[in-house]
Structure formats: structure tokens, C-alpha cells
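To start, I am sharing the structure in question, which I have written as C-alpha cells.
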Amino acid sequence: MEFYALVVLNGLAYAALLFLLASGLSLVYGVGRVLHLAHGGFFMLGGYLGYTLYQRLGEFWWALLLVPFLALAVGLGAERLVRLVYGPDRALEQVLFTFGLAFVIADLTRLLWGAQVLGVPAPPELNRPLILGSFFYPLYPLFLIGVGAAVALGLWALLRFTSFGIQVRAAAGRPDMAEALGVPTRRVLQRTYLLGVALAALGGFLGAPRIALAPGLDFTMLILSLIVVVVGGLGSVAGALYGALLVGLADSFGQAFFPRFSLALVFLAMLLVLAYRPEGLTGGRQ
Amino acid sequence: MRPLELRGVYKRFGGFMALAGVDLLLEEGERRSLIGPNGAGKSTLFRVVGGELLPDRGEVFLFGERVTRLPPHLRARKGLARTLQIASLFPEKTPLEHVLLASLVSHPLRNRFLPVSLKDAEAWGMAVLERVGLEGRVHVPVGQLAYGEQRLVELAMALAQSPRLLLLDEPLAGLAEAERERIKAVLFSIPRAITVLLIEHDLEFAYAFGDRVTVLHQGQVLREGGPEEVRRDPQVVEVYVGLASSPQEGSPEVPGGAPLLQVRGLRAGYGQGEVLQGVDLEVREGEAVAVLGRNGMGKTTLLSAIMGLLPAQGQVLLGFHPLPPGALARAQAGLALVPQGRLPIPRLTVEEELLLAQRPGRWDLERVYALFPRLRERRQALSTVLSGGEQQMLAIARALVRNPKVLLLDEPTEGLSPLMVRHLGETLRELVRQGETLLLAEQNAAFALNLVHRVYFLDQGRIVDCLEARCLREAPELVRMRMG
Amino acid sequence: MKGILWAGIVLLGLGPLALGGYPLRLAGEAVAWAMGATSLAFLYRTTGLVSLGHAAFFGGGAYVAALLTREDPAYYFLALPLALFWGVASAVALGWLGLRSHGIYFLMLTLAFAQLIYVLVKQGFPGITGGDDGLTGIPRPPGLEGQAAYYLAGLGLLLGVLALYRAFLASPLGLVLDALRLNERRLEALGWDVRRYKLLAFALSGSLAALGGVWLAGQRGFVHPHDLAWTTSGQLLVMAVVGGIRPVYAGALGAVVLILLEATLSAYTNLWNLFLGIFLMVAALLRLRRSKGAEHAPSGA
């Protein structure tokens, strides 16, 4: 019983990280119709930036606070570049360009932090178990789940209630009519991009105590986030949530019960969804 | 054996019924013209016949065989050929390659993967190209051809298939005068062995070409018969020119003032065709002006270009300031568009759309809700699930809360029931009374005449006339002459 | 002008033989990759579809060859047709799954397809496939053991393939498949069974990729799960695009450029991914500039 609970817990914690990464990817696609293959790089960058901040400041929470802002600074520059390939019917150019950007980020990261595996310890306040009766649950994954839920709620509220949120939905729903109604779609896209980058970087640092920092992390996470957005529905934040839950739990159960085929099953799921229901679970945005 | 038979065909897109029980029968060798206002269902009908769309109900028969569920390529094998509305060619290929692709479908050597001589197919292709008058341009990539020549290639491809039934979708659209004559000549010379079904907005040609004419309106066959009897049928005239029996009220005189919106030498088009060929017009402050014209003459292109949604050459000035390109800038400068088809934004509610659009000024949410009480009732509903009439109200409200200097309306009556049309007329008259400046593009002349001060006539992408509405109200034959 | 071009190509082709050693080995690699990249360019040329999953056919072909020939080089006569069969079968399967797909969705479909196979080979059945370590000790076909001989044979094979490709484009079938990329809907309206031709294009592309994979296995002497990973697919795509993707020689050109680039850069700096990345970004922008230029081409009077 306890074992199952632990598997579920791990799955949900993983899902939280995936959601942080995938929600930005989905939003940027929804608003700008561009598949941002460099997104995994920002996840990794967040982890590395946080690692250095944690080392310098000695305080996990300060590092956590500053990581998104530093990532935003990098994101501002990156957006200026990615902006060059916005537009419909440019799948090939977007793939090439964002791929290239991903390589650049990866190598710059390797230049600054080296190629060895780096670990980030969980903060002492969270590095102990939660005791419920006779059951011990590690606190950190619970914390991750909490953050994930808070971000999901926050995004929902942002999209639903703020004028920025309405603008995002309008730009995603019918960009030219939105422009004719005075919505500055380019600026909306820029802000969406920055939001996505900040979330990804946050996810990267939050995930660092559980996922080791090393070259290659960016592409590993990118592939996973692609699965999440595809399964959930490209362009939909709710879809990113459902997709993250599905992939996170599937991965956790897979690792626990048939480790050899867990990843294969996840890819099989992605394949089937794309073949028979390309719009994903929620229908996303075409 | 009848080349084409449609029995009780229904097709619905979401909440919109595009075809509502259409029956059609073509005899061998017949030439049939299919006409009707925008949104009547003509293109949908072609797509059902072509096999691109499956009807919800009803059957399609080609040469006596039931083909309702047959995919497009098998229908072509049975002798069906189509031209598509927007020139749908193979960009880098030459006209000769186009007709080869058309005629190779049943050629024994078509699956050879090494170069092989296709003299017979090439000879046939050259003959067809000669028939349409393209013999001098046979090896020129179609991307470098003039728009008219591209349409000829489209036609040649269809003829090269040696079809028994030919579907022509607006073959004259977007063409200059000389090119139109050329294509008309080719169309008239099609042998009677081929049955032809033609969609055209050029009513002169449609009446001249067809042995019989079918009029489609709101997804149903309104009238069918010989060209003369259809042309004179009062119902048909009403559908095209508008309700003749509405109160001839009109708007009071507006003092001549300085022009607020000026358009000079506007040229624009989609893809290769140039739709607007140098349009000049102006709207004075507080004035309501209509642009009338049949479909395909460029009304939507005109308004979209003024709004900045289309790249265009020429100038648009607001208050004597030239407007920068792009819809965002022009929206910020004070233009607002009520687009054709309403275009509600998916996933937004009525109130959210209004909140999104609003700018400071005398029109706020309360005031538009007062103008359209129905919108207040439906404020939390998703804009995409509203009825046609409600969406139209929303589109107008949305534009109003922007407190624009000029309000642009693109065919607001399209797809609305007569009751809604009347209500819409009253609403717009009220806006004019309150001093709003309007530019209205309409096919429904009677509707427009009831509320505007001045009328421009748009024909083949040019302004051909400008008259005061008052004069037109007193002499309705003038309108009928220009609108067909 | 053409004469100089041809002289240059001959020099490029025979040069490595003179240089021997490392350059010759690089050239051997380039031949295999050229076949793989050409197969991807072929698929794009005939269907307009961009694939990020060709590693499944390329690496798959390599594994098939490896599994059969480790015991005995004589089995090459069996390995080759079986690898080709694998290429055809897996490509047709992918094509069938992706019939209604296009653009970004198709791209991710190919990615998922290839990753599935990659993961199955790497983790699913390590007993057969050698798991994380791959398979070593792969011989070359009898008679071609020497590097020079192997390279020459590969070059000949590649040139043969390219000649066939060129002839193909001038054939009726080539015309149809080219048109398929340009306007699928129109082709169907003319009466062509578009589905069948699409699957044919997949089959041809897959078989060529598998051939390239077989050649790679022989060149290196080992196979590794990495050959099935999406980074390999990415590399093939980059090669095809860099070479221009449309011409017959695109794959070969791209492969040569990229392998040379990699070799020179990694000699000077550890950061060659950075330069590759910048190179890709510039290539993407150049493509955009070129296609934007084409849009504004004069449409005639």
C-alpha cells in the first residue's frame, strides 16, 4: 500500500516538473504557432543557474527566487532571435532555428559549468520525511506537487481573469481579428515566451535535487515535454496539465513495475495519439 | 444516362447548415449555371460532388452510379473534372507538365520510374494547350505566368482529363477585361459532349452560358429554369438586390464636411490576382456611405485592405494623416471592422470579447448592452455558440466599444433572417442618427439604401459610380442595372 | 565552368584515397551518411514531409546487418536484402500511420516512432541487441575488407544511387511524385491515388536509408543504440537541409559539409556544437530569405 502511494507521489512530483516545462511550450505554440525546440535548454539553464546561486548565496530560497529573473534576462535575448522565424508554413525553418539555438545554449552551458554531473541538495527544511502515522513520505516531492498545483492554478487564473490572459487567448484563437481589435499580438507573444522561459527555468532548478544536472538533460527533458504537449493537446495549458499527469504517472508506474519497457510505452502512447487523434486529449488549438 | 444527380443533399458545419436538401439533375450535354449570393452553398456543393466532403444526408450519382462515399480520385477516373476557385496549380511546373499530369492518369506508362518517351501524351497535351491559346507559353513555369494565363492552365488541365462532366468554379474571378473575354471564348467552345456545371458571379455570363440556371439561396434551390425566366423572377431579384418592400425611409441630410476617411489609388489582391485596381473613395465625418457591388467585385478585399489586414498599395488617410500598414496600427488610429462572417474569437465569452476590445469613449459596455439587450443576457456564453444574429450583434458591439472614428461593416446582412436584417437596419440607422461615421459594403442594395447618404458602385475592382442615396431611392432601375 | 565542377567532384571523390588514414575513414563515413541524408531529402522532395525519424531506418538497417553478419561475413548476401526489407516495412508502417498528418504533427509522429524503436533496442531487448553497449566486431563484405576498397565500393554505390535518383526525377513516376509535394489536393482531383504514391515514396526512402545504415555498420565495425536516437535523425535532417534538400546531390553535399565541419571544428575547439548551432540558425534564416524572395517574384502583366 505504502509502496503504491510512493509510486503515485513520485509520479505526481515528476508531473509537476513536466507541467512547468510543458505549459510554456504549449502556450508559445498556441500564441505564436512555433514549436520551441530550445525550451529544454532553459530548463537545464535554470538548474545550472540555480546551482551557482545556491552555492554563492548559501540559501535555497533566494536562489529559487532569483532563477526565474536571470532566466528572463536570457529569454529576452533569445526571444529577439526566435522572433525572426515566427509565421505560418515555416515548420522546417523553425525546427532548424530552434534546434540550432538549443545547441548554442547547450554548449554555452557546458562552457560555463563543465561536463561533469552536478548535484543540488534539497534545502534542509525539506530534506526530511513527513510522518503520517507509521508512514514516512519524503517532503520534497510533496513540495514539488504543491508548487505544481500552485502554478497550474496561477496560470488558470491568469488566463481566465486578467486582461493579459484574455489577450493571450484572443491571439491564440484568431490572431488577425485580435489585431484588428487592438491586441498587440507581437508583444503578447513576447510576454508569453518570457513566461514560458521563466517557468521552465524554475522547473529546472526545482527538479535539480531529483534530476542530476549534466549535458544532455536539455534534450531529454525536451523530448518528454513534447510527449506531454502532444498527448494533452498543442496550445492548451489544460492539455499540458493532463499530459503531464499522464506521462508523469505512466513513467513512475513504468519504472516501478516494468522498467525495461516504461519509456517504450510512453513513446507508443505518443505515437498512437499522433496517429489517431493528433489534436490530443483536449483538442488543443489547430 | 444522367451525368450528375444530387438527391436530398444536406451538409452542416457545426451550427451552420450549408446545404439544406438540394436536388439537382443534369442531362447529358447540358450547360448549367449555378448562381446565388455569398454563403448560399455553391462551393460546398462542388466539394460534395467532387468528393472532398461527405454529405450528412442524401446521395450523389455520377453517370448513374452512386458515388456519395467515393474518394475524389476515383470520381475523376469516372469522368469528373474540376477547376478550383483559387488557381490550384503545381508552382514550379510548366503548362505542358500540368496537362501531362492530367492525361497520364490512365496512361500505361505512368508508373515507369526511368525516363521514357511520352510522345502521344505530349501531343495530346500540346493540342489542349493550343485550344486554350497557350501554345506560346508551354514551357514557362506557371509561377511566371500572368494570372489570366494561370487560369487558362487550370482550364487546360481539366480539359486534358477528357472529362464527361466538367465543374467550373468561378472561372472569371479576378480577371482583367481582356483575359475574361479570352476565357469566355474558350468556355463557349467546349464541345457539347462534355456536360458543364458552372458557378459564376458574373451574372451576364452565367445567363449567357447556361441552357438552364439554378439559383441557390441559404443552402436550398430557390429557382431553376431558363436564363430569361430566372433573371426576371422577382424572388431572384430580391435575393440579389434586396428586399424591395422595406420602408423607404433613408437618413436625413448630412452637412457637407471635411472628409474623415480617404482612400486613394488602392490596389490589392489575393495571391496572384489583383482584385482592387485603384480605388478612390471618401467618407465625411458623420456620414454613412455604402459600397455596393455583386459578389466577387472586391468589397471584402476593399474593407480588409482599408483595415490593414491585407497588404495593399495606395493610401488610406484618416483625418488627413496617412495610416501606417497593419491592422493593429489602424485599429489604434481609430478604425474598427465588423468583418464578413462575424469572426467571433474561439474560447472567449461575449463579455470577454467586449472587455478585450474596449477603449475609452462614449461607448462603454453598459451602452452597448442597452443597444443590444440580448447580448447582456448572453454575456457569459462563448461567442462561438451564439446564433448568427447574435454574433452579428456582438461583432458590431465589439467594434463600437472601441469608440472608433470610422466604423467599417462588411456584408453585415449575410446569412441573417429577414427579421434580423430589419432589426440590424434599425440599429445602424440609430448609429447614424447618433453621429457615427459608417462605411458599409453590401450586396443587399435595398438594405443599404435605407440608411446611407451616399453610394459607391464597385465593379471589377474599380469604383464606377457615386450617387446620392436619395436619387437611387427615387430611381430603383439604376440599382438593378448595376447589380444584375 | 561545368568542367571545373566535375573536376572538383572527382578530386573530392578520389582525394581521400590518396590521403589515406583518418581522411579516408572520414570519407567512408561520409558515404554512408550521404545515403541516409539523400533518403531523407528524397522523402521531402516527393511528399513535402519533413521527417525526424529516419534514424529508425538508418540505424535499423545497421543493426540488421550487424546481427546477421557478426557470425560470418558471408551472410552479407542475406543481410542486405533483409535490411532493405526492414527499411521498406518500417517506412511504410510510419507512412501509413502518418497518412493524414502533415507539418509539425508529422514531425513529432516520426520522432515518436523512431524513439520507440530506439528505446526498445536500448532497454527492451538488451540480450539480442547488446543493450547500451551495442554490438561490435562487425565485418565488411568479403573482398572489401580494406578501407580503400570499401570506400571505393561505397562511392560507386552512392553514385549509382544518385544517378538512379536523377533518372527517376525525369520519369513519369518522378513527375507524379514531385507534383505530390507541390499540390496533393490537386493531384487527387486529377485522379491519382495519392495514398498509394505516398507510401511508395516512403518505401523507397526507407530502403535507401537502410542501405546507408548497412554501409555505416561495415565502415565502423560496430553499432550503437545512438545510431537509432533522434540526434542521429536530427543529423540526417541537418545534412539534407544544408545540402539544399531539393537537388539530387543535396544529401551527399550536406553529409560532406557536416562531416568536414565536425572534424575541423572538433580539432580546434570543444565547443563545436555551438558553431553547429549558429550554422543551423543562419541556414534557417537564409532559407527564409530565399522563400520570401520567391513570394515577391513578379507575377507577369
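Which chain is which? They are A, B and C, in the order written, and residues in each are numbered from 1.
Note that in this section a contact is a pair of C-beta atoms (placed from the backbone, for glycine too) under 8 Å apart; a residue touches a chain by one contact, two chains touch by 3 or more.
Quantities reported herein were computed from a predicted structural model and do not represent experimental measurements.
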item	value
Any chain that touches subunit C and subunit A	B
Pair of chains ranked first by number of touching C-beta pairs	A-C
Centre-to-centre distance between subunit C and subunit A (centres being mean Cα positions), rounded to whole Å	32
Interchain centroid distance [CA atoms averaged], subunit B/subunit C, Å	46
Whole-Å gap between the CA centroids of subunit A and subunit B	44
Where subunit B touches two or more other chains, by residue	none
Interface residues, subunit A side, partner subunit B - complex	163, 166-167, 169-170, 172-174, 176-185
Footprint of subunit A on subunit B - complex, ascending	307-309, 326-328, 330-332, 336-337, 339, 343, 345-348, 352-353, 355-357, 359, 398, 402
Residues on subunit B engaged by subunit C in the complex (per definition of touch)	50, 52, 71-74, 76-77, 82, 84, 88-93, 97, 100-102, 104-107, 109-116, 118, 143-147, 149, 157, 161, 272
Interface residues, subunit C side, partner subunit A - complex	50, 52, 97-98, 100-101, 103-105, 107-109, 111-113, 115-116, 119-120, 123-124, 230-231, 234, 237-238, 241, 270-274, 276-285, 287-288
Partner subunit C, residues of subunit A touching it in the complex	35, 81, 84-85, 90-97, 99-108, 110-111, 219, 223, 226-227, 230, 234, 259-261, 263-264, 267-268, 270-271, 274-275, 278
